[in-house]
Every structure is written in structure tokens, then in C-alpha cells.
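Notes to accompany the following structure.
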Amino acid sequence: MANVLRNSAKFGFSGVLSQLSIHSRHGRECVSPCFSLQQRNNSTSPKIKVDLDSSTGVAVLRMQSPPVNSLSLDFLTEFCINLEKLEMDRSCRGLIITSTLSKVFSAGLDIMEMYGKSPERCGEFWKAVQEMWLKLYGSNMVTMAAINGSSPAGGCLMSLGCDYRIMADNPRYSIGLNETQLGIVAPFWFKDTLVNTVGNRAAELSLELGLLYSAPDALKIGLVDQLVPEDQVLSTAQDTMSKWLAVPDHARQITKSMMRKPTIDKLLSNREADITNFVSFITKDSIQKSLRMYLEMLKSRKA
Amino acid sequence: MANVLRNSAKFGFSGVLSQLSIHSRHGRECVSPCFSLQQRNNSTSPKIKVDLDSSTGVAVLRMQSPPVNSLSLDFLTEFCINLEKLEMDRSCRGLIITSTLSKVFSAGLDIMEMYGKSPERCGEFWKAVQEMWLKLYGSNMVTMAAINGSSPAGGCLMSLGCDYRIMADNPRYSIGLNETQLGIVAPFWFKDTLVNTVGNRAAELSLELGLLYSAPDALKIGLVDQLVPEDQVLSTAQDTMSKWLAVPDHARQITKSMMRKPTIDKLLSNREADITNFVSFITKDSIQKSLRMYLEMLKSRKA
Amino acid sequence: MANVLRNSAKFGFSGVLSQLSIHSRHGRECVSPCFSLQQRNNSTSPKIKVDLDSSTGVAVLRMQSPPVNSLSLDFLTEFCINLEKLEMDRSCRGLIITSTLSKVFSAGLDIMEMYGKSPERCGEFWKAVQEMWLKLYGSNMVTMAAINGSSPAGGCLMSLGCDYRIMADNPRYSIGLNETQLGIVAPFWFKDTLVNTVGNRAAELSLELGLLYSAPDALKIGLVDQLVPEDQVLSTAQDTMSKWLAVPDHARQITKSMMRKPTIDKLLSNREADITNFVSFITKDSIQKSLRMYLEMLKSRKA
């Protein structure tokens, strides 16, 4: 951590990187607080693995894209295709999302999708981010995040899209919409989702300061619903799921829609403007310059 | 409880009845979690008794319709007439609602009003449910629920309509909008009232799962304001009332209206659609069939 | 306190003054719960002192208008001019508001601005109250209230306008929007600001009862963010400020605007109606009569 701050000072990033919380082991793993740099991987091996237990109607979706389950366009596309398949499969009533990686659930949006890309490509990427949230927040399935590692920014958004959040009781794991810390602004639908979950004042503090919460602090403000020992995150999600599935589906789905539809409709009716807004922001020279320096810093740490 | 589940399994109700929490003594009393079956009573004895203390300006409204203060059309009509009388009576400034029955405040809507009735009659019934809430939530009086027993579904709604909720500190008493558990959807104004009281996230969990909260848990999420020993529920309501009545009426009333009017206006401008919606849902063959089986189950338990 | 109640009974004010919490020492200081009577002071000495530390970019605004920092038209004008200057000064990024007076942050609106004044003057006054809130709630600076004394009504509103509230851990200091206790109604934008801070239900109770919270109770409901020993209020605000200023300004400002703009826009588009409403209320004979009696009571206490 101290090392990172020295590096970032060297790169002139002090403001932007002041709260970087990087959990590093053997210099290989790196959870950036907001954007993550995925090691390029040309293999076509799937980034996501889905197991549907037809006896229970519960699918477990495992994110397995090392090193940090960055949300790249490929990742998001694969994620959404899987989500859509499960949504259409009448034998599937519940979905648990978790990670196969040690220490990280998802590190959020992939920085490489935002650096040096054409506006068209940036827009395509942002549309995929929207799609991930729309599909999750409005899913007819019971959705649970089994958060077995850190989950900043886009990873936090994915968790917030679920019906219930169970996190590993490890104070070293953090979660939060920390975009502001990096000089980025969480868009209105990130904000709406957070307000719906933790209330207006906690969301205000959280977003203005770009706070990352340790697991215990996240529980305190209601950002997650439950903490359990790390090795029980998935099994607790499965136990909890069976309670949710005891509720009649139809009534639960209509109720969920009643709670969430206004928030979803707000994005649906502003979707293009939100994309335009993101693209014009991210393609600014000043932001691209910041991303470049950030990337170089991350690369130098890997070297 | 185990017995009920066996019965419900026998009747093929497992999903719908999985969380029935019936408090039975000598096989006579039965608080269904949502709809209640009132023993028919042809007497014209009042279901409600009102005592107005002209020295304090405080009326106590006692629900005395055994076995479980079901909200039938007759009950609701009597309730609303009494409420209206008190509202017009300038000597009455405060209203405390309580029950004369042991263990139950109100078990909610009367299932007999929804089974085998004409659409017209169903609509009349639902209009009376709306009226009860509109009159309570918008009352100029200070209103307090002295909740001396379980209060599921419609009974919970009645409590939420008041300014303040004091509940007997008995973990066996439960309260909540548990409609979803029975395959029914709480309408938007039930939801709005709950969100106004416990916030968005607690309401979301509560409604999606159709949760019934024990008195201590209800206090924790703010569904009730205070717990006191069972024999002090009414006296505490009277003490608390005197503090509320020390506040200048006019300013308090305008403030209350400022807080609640948007929620009330939302129902007022959607009242007919809400009735149509209820009638078309409740008169569906599938729902009527469920109600019939539910009724038979309740009757068999009484036998 | 007992003395005040006897006096108020004598003046026939029992309802209105029933919750007066006056902290008096040597009969000189008097924090009225809502409106305060400022000793007239013809000197042109400033009511506000601002120190901007150009090394940190943090300004401390000290309210120094004895006896109780009443919000008179002069005070508010001076306050807004100072706020505007700092807002325009690019070297100023953070603002801490505190009081030089012992035991009181600000006692709220000055009653003399509302008694025996022309409608025009009353309107001018109310516009200044609006302006104070608009400038604070929408400030681009990081704003902190270092609440080193009681802060009822208008004083509470000023605190709520800031980004963060640190209060002296003294149970004798109180804070709250207690207008209702005096027969006055907090306008919708006071209400909106309170709801944004403590949530709907706490705001409802708070406003309907006109509650003043002791510092510990204020912390419990989130009306203030932090309690510290009295002599550390300012230094803690300065430490906290440095953490806020580590967040990139631009992203924080856009985020703040996203959170607060809807509430600000609501007043902006109803500003004239809100002034008309206030003026027509405050110039009513009945209200003027109440104010006169209230004033006489305050004067008699000073004698």
C-alpha cells in the first residue's frame, strides 16, 4: 500500500490514487479499486461457468476470469448470455453468483475497454454494462451474490443488482462504489440502486467520498445483508436460497417488479443519453491521459 | 405448526401455506397469516366499541369481533363510521386503536369477503379496505395502535396507518405484510406505507418474502415504535398520547399532511384502477380454487 | 425551565411554549427553541468572521453575533455574501461553520424580523433564509458544521445544509427542527432536507412533534454524523476536512449535485409561492399576537 502510494506520487497521481487498496500476493494479484487491468488472454475458454441443479432449480454462476474477474466487453457479453439463458429456462428459479478466484469477487470495469478505444467501441462497452445491471436488477429469478472477495465499483454494482448479498466475514475484503476516488462519477442508476439499498444519507456519504467498506462496515450500513465465514459463503447462499424459493414465485416476482420497476424504467428511458454521456466523458483527452498513467502504474507493479 | 404443514401438504398447498403461523389454544383461536375466517355471527352486536374521554379528548376504539377481528365488509364499514364520527367531533383530538381479544390485534382481511362473491361485492369490499386506510393515514387526530396481539397483513396495514405503534413485548406475537406468502401481492399503497415507515430496503425484503416479524424484530426494523409489557400497552399509549397532544394541533396537522399527502394522493388518483385490479385478481378461477382449499383447511382445523 | 413554564402559563402560552428549553446562565443567555430575540445592536461590527487558510484551502466561518447568533436579515445577508465570496475564490475548497459563542451554535430565525414588519420586509427576510439554504446545500465546497452548542430550528437547517456535521458531545446541547412546537410549520424544503438526512419515518416523528434532540440522540438518528468532546469540535472538523479534500473535487462536486439537485430544484421552482406562503402566514393577526406575547415573555425574562 505504502509502495503504491509512492508509485502513484511518482506518477503524479496523488489525488486520484490516494485510496488505492490493492491486495497483492507474490506480486501477481491486484484488485484495483475501480478499474482493473486484465492480463490479455487470447484463449476462448469461458470466463463464466454455470451449473444448474435441476433438482433444486438453483444455478450457480462462477466468475473465473483471472486475475480479478474484470468486467470486459467479452466478460459482460458472456455474463448476459448466461443470464438470459437461465431466465428463459423455466426449470431455473434461483441464481447464485460467486467467484472462483481467491480474494476477489470482481474488481469492476476493465480499464482496457476505456483506454484508446473508439467512441463506438466505448459505447458498445457501456451498453453492455447497462445490460448486465438491467438483466440482474429486473430478473424474475431469486438472485444472490455470494461475495467471496473484494468487490469494488462495477463488482459492487453487480452485487447490488441481486436480491440478497452474503459476504465473506473478512475485514480485508472491501466493497463499495468508489468511482469518485478515481475522479470518475458513478452514473445516476448506480446511485439509484445504492440509495434503494442503504438509504439516501449513507449513499450520499458513500458516493461523495467514493468509500470502500470493509465487510463488517458494509454490513453495518446495509450494503450487504449477511457475513459468514469465508468457507461458508456459498453454502449459506444455498440455504438462504431455499427459503426464498419457498415463497410463491408469481407473487414474489410481481412484488419485486413493483419495488424495482421505477428505477429500471428510469435507465430505460435515458439509456442513449447515459451512453452518450459516458462516451463523451471517457474519451476526453484529460481522462485518457489519466488512464494511460494509471495503466503504466499498474504495469510497472506487475513487472 | 407441524400439523398445519401436514394438513396443507395434504391439501396441496405447500407453497402457499408454508409459513402459516397459527397460534391455537384449545383448538378455538386461529390467526391466519393473511386472510382470516370469521365465525359467522348474525347478531347485530357492534364489532367495535368506542369510548371518548371528554376530559382528555382521547378516544379508545376497541375491536371486539371474535375470534380474530377479521376485517369483513361489515367490520370495515363500522370502523369507518366510527372513525368519521370521531374525526368530526371537535372534542376528540386523539385516537387509540386496540383489541379486546386475547392474542390478536387483527388477523387481517376476511377471506369470506373474497370467496364466491360477485365482482360487485368484491369491489365494494376492496373500496372499504381503501377507505379504512385513507381515513386512518390522513386523520387529523393523533392516532396510535396499541397492538396487544398478532397483527398480520390487513391488521399490519391498520397499524401502519397510525402515527405511532406500541406493541406487546411478546415474541409470540407477530406483525407484517405477509401477503406474498399466500400468493397474493400487497398493492402499491400497502407498499408505499411500508416504505415510508421502514425504508426501501427493509420493505423490499419484507414484501418479497412476505415476512412476519416477531415483536422484537418488528421493533428492530422500525415496523413498530415501542415494545412494552402486555398489560401496559394501553396505558403506555395513553401516556404517549398526552405528549403528542401537547403539540399545537394545527401545526402538527399541517406537518402530518405534508408528510403523508403525496402517498394518499397516489391512491386517490388510482382508486378505481386499484379496485378493478383487485377484483380481476381475486375472482380468477385459480385464486378462487386456492381460497376454497384454504377455507376447507381452516374449517377442518376447527372441527 | 419551571420558571419559564410558569411565565408562559401566565401569558396563556402553555401549548406553544410547553417545550421551551432555555439554557440560561446569570440570566443573560437565552436559546429560544425556534425564534430568538437578538439584543439590538446598532454597531456595524461584523456578525461573521471568516479565516481562509490558503495553505489548506479551508475557510473557517465563525458566527459571532451575541447573544445567540440569531438569523436576522442582516446576519443572513452577511452570511450569504461571505459564502458567495468563498465560493468564487478558487483557492477555497472547504468551509467549516462554527460559533464563537458559548453554548449556542445558532438559535435560528430572529423573531424581530417577523414581528410588526411589513409584508415586503417579511418577504425579503424569507428570501434571505431561502438563499442561505440554497447556497449551502448546493455549495461546490466541502461544507462542515462544527456544532459547538445548541442548534434549534434555523440553526439546525444551517447544519443540515452542510456535507458533514460534528457536534459537541454535551447532552445539554440540543438540535432539531422544532418549529411545530411553536405552532409554526417547517416548510417543505426544511422537510425535504431532513428526510434526505435521517429518512422518512424519523423525519415524520421529528417534524410532527417538533422534537429537539440531545447531542447523543441526534447522533442515534443520524441528524449529526459524529460527537466529539467540546474542545475538539473544530480540530476534528479540520481533520475530517482534509480527508474530504483528498477526493478529486470535480467528481465529488458532480456527485454532490446528483444527490442534491432535485431537492434544490424543487425550491427554486416554488420559490415565490414559498415566500407568499410564509408572508401570509406570519402576518396573520393571530400569529402576530402570539409573537407579541412571546416577545414580552422573553423581555420579561431579561429584565
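So that you can tell them apart, the chains are marked A, B and C in the order they are listed, and the count of residues begins at 1 in each.
Throughout what follows, contacts are C-beta pairs under 8 Å (C-beta built on N, C-alpha and C of every residue); 3 or more make two chains touch, one makes a residue touch a chain.
For each chain, UniProt lists the protein as follows: A, B, C = Enoyl-CoA delta isomerase 1, mitochondrial.
In this text, all values refer to a predicted model and were calculated from it rather than measured experimentally.
K.L.:
Graph of touching chains, which shape: line, ring, star, complete, other?
P.N.:
complete
K.L.:
Rounded to the nearest 5 degrees, what angle rotates subunit A onto subunit C on CA?
P.N.:
The C-alpha superposition of subunit A onto subunit C needs 120 degrees.
K.L.:
Can you check whether subunit B and subunit C touch via the same residue numbers (shared by over half) or via different ones?
P.N.:
different
K.L.:
For subunit B and subunit C, let me know how many angstrom lie between their CA-based centres, rounded off.
P.N.:
40
K.L.:
For subunit C, jot down the residues that touch at least 2 other chains.
P.N.:
199
K.L.:
Write out the stretch or stretches of subunit C touching subunit A in their complex.
P.N.:
Touching subunit A from subunit C are residues 163, 195-199, 222, 225, 243-244, 246-248, 250-252, 254-256, 258-259.
K.L.:
Okay, in this complex, where on subunit C does subunit B touch?
P.N.:
Contact set of subunit C toward subunit B: 15-16, 18-19, 179-186, 188, 191, 199-201, 203-205, 207-210.
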